[in-house]
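Each of the next two complexes has chain A plus one other chain: chain B in the first, chain C in the second.
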Partner chain A sequence: MPANPQTPATGRTKTDWMGEAMQKRIARRYAAERRFKWMGLGAVALSSLFLAFLLVVMVGNGAKGFISTEATLTVDLPAATGSISPEQLTQPRLAATMASIDVRRIFDNAVQAQYGEDGARFFASTAWTALRDQLTENPNLVMSKTKVWLPTSSDIDRAAKDNSTPEAEADYATLRKAGEVRQTFNWRFLTGSDGTDPAQVGIWGALKGSLITMVVTLFLAFPVGVLAAVYLEEYASKNWLTDLIEVSINNLAAVPSIIFGLLGLAVFLQFFSMPRSAAIVGGLTLALMTMPVIVIAARNAIKAVPPSIREAAMGVGASPVQVVFHHVLPLAIPGIMTGTIIGMARALGETAPLLMIGMRAFTTTPPDGLTDPATVLPVQIFLWSDEVNRGFVEKTSAAIIVLLVFLLTMNAIAVYLRNRFETRW
Partner chain B sequence: MTSTAILFLIAGLGLITWVFARARAGRFIQQGAASVHSLPSYHGWYAAMWAVVPAILFMLVWSTVAPALGSYAVLESPLAAQLPTDAFERAAILSEARSLSRNPDVKVFNDAARELAPLYADADRNYAMIGALAAFLLCFAGAAYAFTRIRPDFRARTQVERTVMLALLLASLIAILATLGIVASLIFETVRFFNLVSPFEFLFGLQWNPSDKVVDGQATGFGAVPLFWGTVFIGAIIAMLVAIPLGLMSAIYLTQYASANVRKWMKPILEILAGVPTVVYGYFAALTVAPALRSFAVAIGITDASSESALAAGLVMGVMIIPFVSSMADDSIAAVPGSMRDGSLAMGATKSETIKQVLIPAALPGVVGGVLLAVSRAIGETMIVVMAAGLAANLTANPFASVTTVTTQIVQLLTGDTDFNSPMTLAAFALGLTLFIVTLLLNIVALQIVKKYREAYD
Partner chain C sequence: MLDNTATSSTNPKMSARDVKVFYGDKQAIKGVSIDIDMDNVVAFIGPSGCGKSTFLRTLNRMNDTIPIARVEGDITLDGENIYSSKMDVVQLRARVGMVFQKPNPFPKSIYDNVAYGARIHGLAPNKAELDQIVENSLVRAGLWNEVKDRLSDSGTALSGGQQQRLCIARAIAVDPEVILMDEPCSALDPIATAKIEELIHELRGRYAIVIVTHNMQQAARVSQKTAFFHLGTMVEYGDTSDIFTNPREERTRDYITGRYG
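Presenting the complex of A and B:
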């Protein structure tokens, strides 16, 4: 259009940009622009606030799970045990001596002597085992009448932390006035296993189950995933078999995790009659789930290695297998490791497929092998969240903190590996 | 000797074979052979392969055959003559005897099993011994065979590389095997389920009230429509109402408005949301969100609000999906050619007008594909709904009421002892097959849309 202010042929007049109407319109458009920007910021803020809220709730509830309440008990061990010597409580005579003295009765008697007939309500039902453990750790205790700290019952524990039954609150107030109660770090939570008394449970059993399962998963999914990725990326010719493999892997990556649980139940447990609740079945199931993740990550990592590397290796006479295993794979390893760690982190947090194959065993001792009944950390969280006893709330949250710490560490390692070793060509 | 110990021994023998074969091949070069085809280490690998692979394959086969041989030996013994002739009863006694022979603390119900247990222990020990001996023999035979083939002109590298290629192919085939396993197991059990319940009743029935009772070969209470509705209501409606606006707006803000510094920090934070395990979300929904929503509902005058509401599960699931939607939208917007954006800005449109009227319409197919993928992920999600959505199969659109979903019911049906003849167990597989088909279709459609859209701009 020619720059002519008067275009009477079309009847148009020049827009008055400085006029009131136009200024208003521009103001309106700019306001819309600002609103839109604020909405975007709001969406980001809302999402991160939710994450912060979730973490705060979990840490707020869970921090108390790492604290246990203990009360004193005065035990006259020389009298109760018939003055055995500390040497009798050292190896190799320890087992024989422990069999000869009834720690449980000693504990019961001491509780009755100090806290009266129904004094047992102050202590956890398994508190006598804590006394036994202290005795084996420190044999010199038998030399004199001593004061030991033992875990209190769940009711008193909750009275110390928030609120409990009126009786427990009264008991706690009495103990506190006498200075016979204290709060310490709950080592038992990190070293113990599942139980019925929330004050006494620990996560080591579930954690060990998780670790065994993860080892099985890693040993199966990593080699298979990397080899499959190498095949698909470097050697596979374009034919129906390759297409079928690609479709299967992409499909497996998108299948809901619970379907893998059904597969494990029908194939591993029913068809191959493998043991129920065993870490090996859990590991197998999770390996099938993790393998596609590793394949996809490894393929991307292999694809990122520039063709010039392959051509150079070929040029100096390497065979196709040597090209890949001596040159391409070593360069792709950081990317593969990153993908593997992310896949393993996902497997570590997975619950549903493991519920299907019965990895919800109630075991008070950690699993010792691949076929022992075991549970894993996320399933333990699920089981505790179902408990009626209010004392399990803090334990569930504490277990969640432990799980999140593991996952965040794994992800941090993955990010570190990516930043440290990834080469950009 | 345990099989683990045998495996370690064979691996050790393989290592020794490798060292010796390599040394032997190395001597050719020292002696100045005219043309050695392969490097010494390839000869080593070749020999080690012959030592280890046949032995391990044999052990795998033996571990499946040996128990049957053991049972056969026990049945041949005079003690077994008194066993009941009924095949089912006999199998029960034999399996008890076997578990007793492995672990003396196991509780058994048949006294006959107690008598047979020592026989079993003997038979198993004998066959384990035979298996171990045969495995070692194979190991030595393989190593010896490979050793005799080591010559300067022997093409060890070709042989080893051929084996490597075979291993690569086998590893890739496992994916097909897993897919086949899933499809076969789901279909097999579903067909058995449809012998008890008609497919029509399952897909269109309105009553979900499963029980073990089978009357005239038909089970009742398996109408899954309330489950399908609950799944769609939570996963495709409520969760998406949260995830689409928040995810889309987050993606727009982070890619179009935020400074590089903000983006660098906020993106990983959003990604953490996707990395939190679902059991944590489920616990959070059940512990914090659901009671808060219930009190809110009561405060605004809804009296029949359930403490396990569809809204609580859907909200939390939506938050979990945000990073997923956000990253899909991010990719689609990034794929819109820069010239379209620049053209719009050059015409005087503001940034938000460009986004709303140019970028989003252009990226819409990609966004829709991403949303479909998100829906497929949401309806397959299990732990959040198991912990927060409840078990009552209500056919209601009230977000404060309790609804149940397909995945919740699968978990519910398979908790406890699973008897593969009960319609309840089989129903879980039918639900699983439905879920599998729906998620698969959603994924195929979504990927097609995304692919078409990418091609449009390439």
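Presenting the complex of A and C:
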């Protein structure tokens, strides 16, 4: 301790850096740091918990949607079709031979023989087409008595997976007495489209609808959004008109999506008479919704490019277009892509505006082009969740898993591209 | 016309007559006339905020990029008015190159930094000639030996002094007629500064060079002519040796003797 704590110059008491009050202050500061660290950790833990919960519940419920139940059916084809010679199964005559076989009747007879008068109710209504497909694939089955695996009805499917109604459980017991039951991966769910029988529906139709819609959205919203942002940032003079445009775009980004649906309905369907339920209209509508998000993100990314780079380029005689395309955009592209990911992810999950333009088409075949009636994943999920048939519950969860996988894939690609474009300074 | 508007050169590369610059309502340059020729490096000195950068940027119309800036008066390059509607501003900036206060290489490779200007102006018909331009420019900027083995490294990975020489190489590669430098050494250490000053000596004669500096020793070392700016006017313009040893104006003397600035 200095003898004279008073410094003559300022008349101020000399700061006691080692004193008790100072130590207390240091302790308080450490406590505050610790508190903040724990609060941050808590926030991260809470959000991770929610995410984990969501994933566990979704995968738990949805996993069953990817499994289908099959039962055996013994078909004595030679007896049913009369004698078919091996030559009849060779190429020129094969088609005629197959056409002559009444698979439906053979199926009905075999079911009755094995499972009794009412046995058909154990099988899916389209089970006979599965038999036909197997025959087409392997015509030699016709020559012998064989055992084939065919999809069961959705009641049996549910009874096989969990507890179900007493009647279904009873049916399931009967079925197991007369034949075998197995569970296999449900390829049909990934390759098929919507239907009325939950055991037979697939997600491919909706997935393809989403894909086409997203492509339309991206190809419209991205270039138009980026060009608008470049124009507003680099070319437009600052006046009341550009201010008005800026405010409008910011507001547009906040407009509830269903209003874009009404806009799409009024403009594309009623004014331009475009086809209802078509992916092109869905894509256009979602593009309207996504564009402002991209414009805002792109403007911010462009603003963040250091002015010194623009000056450097202009200083060697780059034209305004060259400044933008050689320097500003390459540096802004990672930021633009972040905004695009957010906008596209939002568009992918959108239901309401697409319902407004009729993209809830019940189609049992996937859309083949821009104008075919189509539906998209979230709308499909919405429709299935509304079905009375209990078998749709697990299909709904399975469809959600597909939607999440789609979303994650899309984001992963975008993040990969963004990192590739990232400039290291 | 004032007697200190050195309009003596017989055949100036650039000449300015009664140039006024306004930022909105505020006048930053109040009627400056000056001639710049090929043989002499011209230094602009003066206290901060007196308008050196502003005036320098009128010479290649960089002020066009500031919406509120307005330029009056005549500036000619080889007798041609650079503010006339016939003048192509993009080509003007290629002919009147610029080096900025803070080194600002593009976040691209060293090669691409130097090649950029030559590429956009179509100065090299093929890769071999472009390579030649890049090498020549780097040699003339005194950077070749330091970077010849890593031309594909990023220009931003160089040291500050190397970055500034890269920026000079980038300006040279376009083969300009005039090079404007705005305090090119203010962000550099003394060794890097010495290298740039040496470089300016070597570039003299081939290009008309104007350098802004607030370092009077630097002005004395690199320039043959010096213009002293104060509060938006050019107070005195003459041979560097005269300005520093025998200034005509009171304000110049005060400034170079360090009474203010």
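Going forward, the second predicted complex is superposed on the first by the 316 of 425 C-alpha atoms of A that agree within 3 Å, B and C clash if a C-alpha of one lies under 4 Å from a C-alpha of the other, contacts with A are read in each partner's own complex, and residues count from 1 in each chain.
Note that a residue touches a chain if its C-beta (ideal position, glycine included) is under 8 Å from a C-beta of that chain, and two chains touch if they have at least 3 such contacts.
Predicted model, so just to flag it, every value in this text is computed and none were measured.
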Item to complete: Answer with first, second, both or neither: which of chain B and chain C does A:259 touch in the superposed model?
Response: first
Discussion item. Per the contact definition in the header, classify A:58: touching chain B only (first), chain C only (second), both, or neither.
Written reply: first
Item to complete: Could you tell me if A:331 is touching chain B, chain C, both of them or neither one (first, second, both, neither)?
Response: second
Worksheet item: Touch check for A:30: first (chain B), second (chain C), both, or neither?
Response: first
Worksheet item: Looking at the overlay, what does A:309 touch: chain B (first), chain C (second), both, or neither?
Response: second
Worksheet item: Between chain B (first) and chain C (second), which does A:381 come into contact with in this model arrangement: first, second, both, or neither?
Response: first
Worksheet item: Touching A:293 in the superposition: chain B (first), chain C (second), both, neither?
Response: neither
Worksheet item: Regarding the shared-chain residue A:319, is it in contact with chain B (first), chain C (second), both, or neither?
Response: both
Worksheet item: Which partner reaches more residues of chain A, chain B or chain C?
Response: B
Worksheet, complete the sentence: chain A contact set shared between chain B and chain C covers 319
Worksheet item: Given the complex with chain B, which residues does chain A contribute to the contact?
Response: 29-30, 32-33, 35-37, 39-44, 46-48, 50-51, 54, 57-58, 61, 223-225, 227-228, 230-232, 235-236, 244-245, 248-252, 254-260, 262-263, 265-267, 270-271, 288, 291-292, 295, 319-321, 325, 345-346, 348-352, 355-356, 378-379, 381-382, 385, 393, 396-397, 400, 403-404, 407-408, 411, 415
Worksheet item: Can you list the residues on chain B that touch chain A in the complex?
Response: 157, 161, 164-165, 167-169, 171-176, 178-179, 181-182, 185-186, 188-189, 245-250, 252-254, 256-258, 266, 268-270, 272-273, 275-284, 286-288, 319, 322-323, 350-353, 355-356, 373, 376-377, 379-383, 386-387, 407, 410-411, 414-415, 418, 420, 428-429, 432, 435-436, 439-440, 443, 447
Item to complete: Could you please specify the touching residues of chain A with respect to chain C in the complex?
Response: 237-238, 306, 308-319, 322, 326-327, 331, 423-425
Worksheet item: Can you list the residues on chain C that touch chain A in the complex?
Response: 60, 62, 65, 67, 90-95, 97-100, 102, 104-107, 116-117, 120-121, 154, 156, 167, 170-171, 173-174
